[in-house]
Amino acid sequence: MKRFGERRALDGVDVRLEDGECLAVLGPNGAGKSTLLRTLATLLRPDAGTLAIAGHPCPKEAGTVRGLLGYLGHDPLVYLDLTARQNLELYADLYGVPAASERIDAVLREVGLLARSYDAVREFSRGMAQRLGLARLMLHRPSLLLLDEPHAGLDAAGRRLLDAMLEEARGARGVVLVTHEVERAVAQATRVMVLRAGRTVLDEPTAGLDPAALRARYERLVA
Amino acid sequence: MTEARSTRVPAVVGTLSAALTVLAACGVFLVAPEDTDQGIIQKIFYFHVSIAIASLVAFALAGVAGALYLRTRDEKHDELSSAAVGVGLGLAVLVVLTGSIWARASWGTWWVWNDPRLVTFLIVLLLYGAYFMLRSSADGERRMRYSAIYAIAGFASVPLSFYSVRVAESFVHPVVFTQNGADMPGSMLVWYVVAQVAVLGIALTALLLQLSQRRAEKALMRIKLRLQAEP
Amino acid sequence: MKPRAARQLRALVLKDLRLELRTRQTLLAMALFALAVMLIFEFAVGSRTDDLTPFAGGVLWATLALTAVLAVGRTWVPEREQRVLDGLLVAPVPRLALLVSRIIAIACYMAVVELLAVPLALLLFVESPHLGDVGWVVLVCLLADLGIGVVGALLASMAVFTRARDLLLPVLFLPSLLPVVIAAAGATHAVTAGSNDLSEYRGYCTFLAVYAVIFGLVAYATYEFVFDD
């Protein structure tokens, strides 16, 4: 349960995720999706209730667990005044990535920014900056991906990359994906959850769910 | 119920303190021997020092309550901490005022810079005045958390400020201060203790009143919100 | 893959260095500001008397205290403006490392400005400065910068999350900084006054060290809670 002032942003939301599962979180604006994600990312501390990641209770052992997490929000979380490479060097050091320069080259190549690696991020387009954010995300090979509407802000190339990443993560890593797109939720997730005004109103596995039917239910739930 | 009880405690403490204060005032001005050097104005010192100590006790309490808040995240500790800072600040203002009166009577000027205690309390006014500015710049949980941190830091600043002024003064005026310390004759000491207890009692009353006022405000807010929520 | 704290700290300091080199905003502003403040003192106080030597230490440290507000005010600003702070917080970086990186950054800013301000103050305000004086003043600067860094890092980290942070920071920072100003000015004065009073100098320097230690402990105990939303 997470409270901001007198307003309860999240109330009685239970999330359980196993390795390899992908949870899609849907809901209208202000439903608490971002709050939930940030709490899972250990950026926020729940006012009541417990959080445990990979068996470690948080926030007490949050330090141990952060190395396993990859968080991507609306912002790519990179410094505009540093070059792409310098940004990744910083994160590589913060996460303790071994053989950093090879790994940096590899992710830059994957996101298609190797040629621009010595340019300041300020000169990048929004799509390119967001792609750098993807590179940052994958740099340390996290076992749990926490993504907040990652497709927004990505250019076409970036979206393809992200979908490939999610495909590869299926079965291997845990993913929590906050999104507005119902169809994507059904297509890419193993479980879907709908939040409304801080509460869970739907929580089901996606296997066998019809996207159109889900959309209809979703519209009704959040009306 | 709790409402009736919570007004009774401050009332009792308040009455006791008021009585003690009257007793102390009588004792100090009528019974205690007059100081040969400074005369009657020295009597203000009984209160000046007791108020200063009460103020420091309040700030210490605020620091401890702040630490407790950080440990437990219980709102009550934040209430106590901010109320204590408020009381301490009010007392500090009195310290500065009584100190100024004493300076005027002793030396003819409205302020002296060579008294480390007095100067420290001026710094204290700034330190804890900033506390309230910090509080008004943040909301909710963050306000309580940051106030707690600052209450702790502020309480570390107080002795540091005192010693820096004292060290500076000791080099400029290398004369040992003759302040009214524990080398008071017994007849004076008794009335000093009475005055100190009285002032502490008044401070406690003020604290309790502040707390119950805050709680009443919060309860009112909660009722208001509940009424608004119901369609 | 447990990251070593030294590697993380080095990365953070490098990041600050690179940002400053690229934008070059803060140092230039601080240098100009320090110069302007010294001029203010000269015109406000200096026209009353010919020999400002007794005031040299005080003027220097009043200037540096005000300039420190600029340095401290840059704490976490690029992270906030460019919304990168989450990136640092979600990484397995102990909050203590973030504190230490800020202390180092503030102390470095102060040191660079002192390179300019100290000789200038000696030349402008001291009647007959000795070259050897600079060495003594350097030690004072080192100790004072440590205290300024610790207090500044703690308070600015809080101020950056509040409303009206530009107004709040000086109000929060300067009263806590007063003991440093008093002691540093006193120590500098002990050097410039030509009396060669070593015990006075040592007394003030010890105080500066004690200040840094005490506030260091406070910051160490409370820094976790600054970011702990």
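We call the chains A, B and C, going by the order they appear; numbering starts again at 1 in every chain.
Definition applied: a residue touches a chain if its C-beta (ideal position, glycine included) is under 8 Å from a C-beta of that chain, and two chains touch if they have at least 3 such contacts.
Just so you know, these numbers come straight off a predicted model, no measurement behind them.
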Chain whose average C-alpha position is farthest from chain A's own: B
Chain occupying the most central position, where position means C-alpha average: C
Between chain A and chain B, centroid-to-centroid distance (C-alpha), Å: 50
Approximate Å spacing (C-alpha centroids) for the pair chain A, chain C: 39
Centroid distance [mean C-alpha coordinates] between chain C and chain B, Å: 31
Multi-chain contact sites of chain C, meaning residues that touch two or more partners: 228-229
Multi-partner residues of chain B (at least 2 other chains): 141
Per-residue multi-chain contacts in chain A, two or more chains: none
Complex contacts: residues of chain A adjacent to chain C: 38, 41-45, 59, 63-64, 66-67, 69, 71, 73, 75, 77-82, 86, 89-91, 93-98, 120, 136, 140
Chain B partner contacts - residues on chain C that touch it in the complex: 151, 154-155, 158-159, 161-165, 168, 171-172, 174-176, 178-180, 182-183, 186, 190, 197, 200, 203-204, 207, 210-211, 214-215, 218, 221-222, 225-226, 228-229
Residue numbers on chain B that touch chain C, as the complex places them: 70, 123, 126-127, 129-130, 133-134, 137-138, 141-142, 145-146, 148-150, 152-154, 156-157, 160-161, 163-165, 167-168, 171
Of chain C, residues touching chain A in the complex: 1-4, 7-8, 10-12, 14-15, 18-19, 22-23, 78, 82-84, 86-94, 228-229
